[in-house]
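The first chain written gets the first letter, and so on, giving A, B, C and D; residue counts start at 1 in each chain.
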Amino acid sequence: MNAAVTVVFALLGVLAVGSALLVVTTRQVVHAALWLVVALGAVAGCYLLLRAEFVAWVQVLVYVGAVVVLLLFALMLTKAPIGVSEDLDAGLAQRVVAAMVALATGALLVTVLVDGFSGEVIDQGATGGAPAIGASVFRSWVLPFEVLSVLLLAALVGAIVLSRRDVPGAGAADSVAGGR
Amino acid sequence: MPLLLPLLVATGLFTAGLYGVLARRNAVLVLMGVELMLNAANLMLVAFGAWLADTLLAGQVLTLFVITVAAAEVGLGLAIVLMVYRQRRSIALDEMTDLHESRTAGLS
Amino acid sequence: MSAVLVVLLPALPFLAAVLALSVGRAAPRLVAPTVITGTALAWLAALGLLAGDISSGGANVSVAGPVVPTGGPRLGIDLHLDGLAAVVSFMVTTVALAVQVYSTGYLRHDGHARPGPRYPSYAALVAVFTAAMLLVVVADDLFVLIVGWEVMGACSYFLIGHHWEEEGARAAAVKAFVMTRIGDVGLLFGVFALGVGAGSFGIRDVTAAVLSGRMAASTLTAGGLLLLLGVVGKSAQFPLHSWLPDAMAGPTPVSALIHAATMVAAGVYLVARMDEVFLASSTTLVALALVAAITMLGAALAALAQPDLKRVLAWSTVSQLAYMLAALAAGSYVAAGFHLLTHAAFKALLFLCAGAVAHTVGSTLLADMGGLRRRMPLTASVMAVGLLALAGVPPLSGGFSKEAVLGAVEEAALGHSPLPAWAGWVLLLSALATVAVTAAYTTRAWLLAFEGPEAASRAASHGVPVYPPTDPPASMAGPMLLLAVPAALLGLAGLSGSWLPSWLGRGGPGETGVFAAAVEHTLSFGWVTTVASLLLVAVGAGGTFLAWRSAGRTDPALHLGRARALLTEGFRVDEVYQVTVVAAVQALRAVPAWVDRDVIDVYVQGSARTATALGRVLRVSQLGQVQVYIGMALAGATLVGLAAVVAR
Amino acid sequence: MSVLDLLLRLVLLLACFLVLPLVVGQIEHKAMAHMQSRLGPMYAGGFHGWAQLVADGVKFAQKEDVLPAAADPWVFRLAPALALLPYLVVLALIPVGAGQAVVSADVGIFLVLAVMGIGIIGTVMAGWASANKFSVLGALRAAAQLLSYELPLVLAAASVAMAAGTLSLPGIVEAWRPWWLLWQLPGALIFLVAGLAELSRSPFDMPVAESEIIFGAYTEYAGLRFALFLLAEYAGIVVLGALTTVLFLGGWKWPFLVGGLGWLWTLVKTLAVAFLVIWLRVSLPRLREDQLQRLAWAWLVPLALVQLMITGVVRVMG
């Protein structure tokens, strides 16, 4: 891998971390979701540079295309306002503690990682094309794959049961404006 | 490319996500923090997979699985959030404390 | 062929038991045919082996199994059948078969076509017991023998506790288990001592080592005394005898099988099988003789005063077992084996008769009987055969075998055996006294149960429906009649002085040894003892009869006065145990109780109190806010990670 | 490929991206007009008003760029670009002839589907940032519609990919055989219907239903930004036509005139599909919201699964 890739990766990484910080600090709730799109897209770019092509596009398809849309959907259903909301963050004390815990965790991770892997170099990523991934998933990982499919089904059923209103005992009487 | 670069990026994402999970009141924003942390883990998986030049592509396959689980988690999480919103007209996490023990009740 | 039969001997009843247990719930009808078939097949195998033994003048069949790697003395899963084993296994299977058939009738409740719900497990346990006893008989290794020995004990426990809803049955089961266990500990250590001393746990290896003088005298004495402890426990000899009368709480067929003919005979059999070990050490031999002397007379006296027919028989069993041990102490395992056989026959017969009586009267108390001779003629006649045999009246079996024992003991008293002469005299006097007492208590039992007026208050006192006692059904009467034949005629086998010795022979070079000259291998009847014993029988029986007549056909034991209560309670040995052993244990039990309450519980309750107190403190942190929890968890995880980093 | 070559391809792509939607728009104007027994624009440019849309563009450019007072300015401004960009990327991946694509990707069809999903974010952003109830409703409808129809779309495309044994778009065309028209017919129909729904085209145009919610997410837009949304819609038609062509209609293949002129056949087929889309708009009434969801979950998804199963069976047997 040449230096250009490293530089691009570094830029993408800065973009990802920067937008991630904006996700967690912005005081406009929809902006958080939009910054999340940027962060996730940058991570997808990182995958591409690590030659995990398939993973990158799955990231775009599932995260950007579906997860973020769902998040936006939920934000709008819960009446996200335009402009600054004051009630997005917890109190100052909690934020300070949260920052300390997060920084401590980060510092620990950095310490461990630098200690363990400084000097290691990625020569060539294993190419993650669709055929290779497919072969791996359906040969070595077929059992976890099947388990995951069951998990997805369970999540689907759970989400439907949670959101339906004609299930006895589920949901409140009032309704919310929405396109369903 | 030094291996440390993607690892540090992942650490940054994780730290940011952790802060989001801990410091936000809005449940959807907390879920976003969780997504960031999951992405950090994914990035590490892919980076280590690339470093090891794993022919089985374990890192990438696990990343795919994590993405799948994350999708399921978001679907359920948002269903719960909407449910809570329907009940209380609010999704502030610090108001959802009904399950904690009341301070006046004794041990029973 | 013979080897296969030897293996099949214990295997068949065991397989039958397994089968019976597995089908017992689903098809209770099949249980009785299964166990009877298994026992009958084992009986056939024993018959075949016995025929071979008789025709060849001594069986000698060995089956070598796998050798267990112990790193020490040799431990092989070996079986061996000699003449003694062949005869005893035939006896065991015969009694077992009779008991199995008898049980199908005995466990049938009134008005029911089939045996009760506990029958499958009962029948299977009896079959397991039979298999275990046969394993003991044919074992050629002390550990194989112990396996059978312990399985017998367990089966005995379950079968005594058959009526587990009764307090007495439960207590008797536990008592039997614990008391025999005390003896078994001795047996186990004796086996260790002898096995290590001989370099092998094989029975014939041990006896060979004893005969060749390779074993140290101290090892021999210690091992023999420890073995004797096991024998005393299993064969209910003084001082570990008191469980046997209590074990009469079990069903009567069980009493017949286990507590008369087989399990209690296992101790005698063990001594007979390993008599070289006992004969080689005069200390052991004297101990054996004293145990036998004390037990036979004491138990016979206790039998004299019992108000319960089954307890009379139980005490007499204790007494008769002591007779066999006396013969062994005198050095004549042939006489002991002879008495073992005849006793098994007539005592099993007596128990089956007692069962028949109990079954129809609804009680085992002598006071509830009386006048049964007219009501139950068949039972009365076979009971008479058994009682006469027990009293030792020729030409019934017991007469001959008892004479053989007395003859052997007389030889010992005259100094013709390894037993010291003084011990022989003690033994002889005790045995002769026992003859008289035995005649007395058999006469008393007969008079009270079968003569005299019928007990009028029988029904009223026990709430049993009033109906006249009758002879038992065919399933019970058949085995009784079957057993009556050997009980009457088996003694004739002793007419020729050489038949029994050849049948009971070891059939191998083990016959010749340093003690071959000293040990009696023939039956001898002394004129003096024969005449003396016949006179004593007449005295005992006649005295009892006169006492009965003179006291208006009431219990002759009333003449015993104050001693009666003492004898009824078996010389109050249990009370002695109560004030010594039990009291000591109960005193000691305060120590673990104190440790448990004031040491261990303090920690337990302390941890509970600590947890409660900590809970009060930690409850403050339970705000119900999930982020606080996550934050704390992560902070903790970070600290742990930090510690790991720093510590490295 | 050299830099010059790449540059040339990009210029061509941009030209196509600007011209083809205009062509489709003009066809829509005229075809609708004639189907409704009227003439449509006739004067701009001369022959049958061919320059009408160019004139419209100039008009849009002249209009004031209105920003609602309560709007979120950044998101409001960014939304049209985000709605348009994915179609540009997708168009770059379409192979017009053998080896003739601006960019060739190994996982082409997957990439296309992934990128097309992003477009909806532009619509949602527009709807939310407009600070208008109708706009939010429109955005919500659009998002719900996209989430529902993404599944049959992906499944139908997966069927073709399975049939061809590759995810590469040129590879699919190479593997295509005429009898696939029959084999993959249900998949093609599902793909077309789901694509229409993703584009919010009639009869799935509830997100922009002018009689209910004025113009949905685009209500507050005016001038060039509105033009960009319109452009995105027509570019979407072109992309849908091109994708249907490549996946189900054999791309550049035809019984004759193959050598070198494959791109012509691609163009013809694409425009034919685009015409079909216009035809449907004129012919069918708008579905209700619940009918739309029912169609997706009760018909298209099961049908797509059946198609996938048939494809699988044929592949394994063959």
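Here, a contact is a pair of C-beta atoms (placed from the backbone, for glycine too) under 8 Å apart; a residue touches a chain by one contact, two chains touch by 3 or more.
Since we're looking at a predicted model, the values are computed, not measured.
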For this session: Could you quickly compare B-C and A-C and let me know which has more C-beta contacts?
Result: B-C
Exercise. Which chain, with its centre taken as the mean C-alpha position, is closest to the global C-alpha centre?
Worked result: B
Problem set entry | Interchain centroid distance [CA atoms averaged], subunit B/subunit C, Å | 74
Seminar exercise, completed: Rounded to the nearest Å, the gap separating the Cα centres of subunit B and subunit D is 34
Exercise. Can you give the whole-Å distance between the Cα centres of subunit C and subunit D?
Worked result: 97
Seminar exercise, completed: Taking each chain's mean CA coordinate, subunit A and subunit C are separated, in whole Å, by 79
Problem set entry | Junction residues of subunit B, two or more chains touched | 18, 22-23, 93-94
For this session: Please set out, as single numbers or ranges, the residues of subunit A touching at least two other chains.
Result: 54, 58, 66, 70, 73, 77, 90, 94, 97-98, 101, 105
Exercise. Each pair of chains that touch: what are they?
Worked result: A-B, A-C, A-D, B-C
Seminar exercise, completed: Per the touch rule above, subunit A residues touching subunit C in the complex are 90, 94, 97-98, 101, 104-105, 108, 111-112, 115
Seminar exercise, completed: Interface with subunit C, subunit B side, in the complex: residues 18, 21-23, 30, 93-94, 96-101, 107
For this session: Write out the stretch or stretches of subunit A touching subunit B in their complex.
Result: 1, 5-6, 9-10, 12-13, 16-17, 20-21, 23-24, 29, 32-33, 36, 39-40, 43, 46-47, 49-52, 54-55, 58-59, 62-63, 66-67, 70-71, 73-75, 77-78, 87-90, 94-95, 97-99, 101-103, 105-106, 109-110, 113-114, 117-126, 128, 132-133, 136-137, 140-141, 144-145, 148, 151-152, 154-156, 158-159, 162-163, 170-172, 174, 176
Exercise. Hey, which residues of subunit C end up touching subunit A in the complex?
Worked result: 627-628, 631, 634-635, 637-638, 641-642, 645
Exercise. Can you list the subunit A residues touching subunit D in their complex?
Worked result: 28, 30-31, 34, 37, 53-54, 57-58, 60-61, 64-66, 68-70, 72-73, 76-77, 80, 82-83, 129-130, 177-180
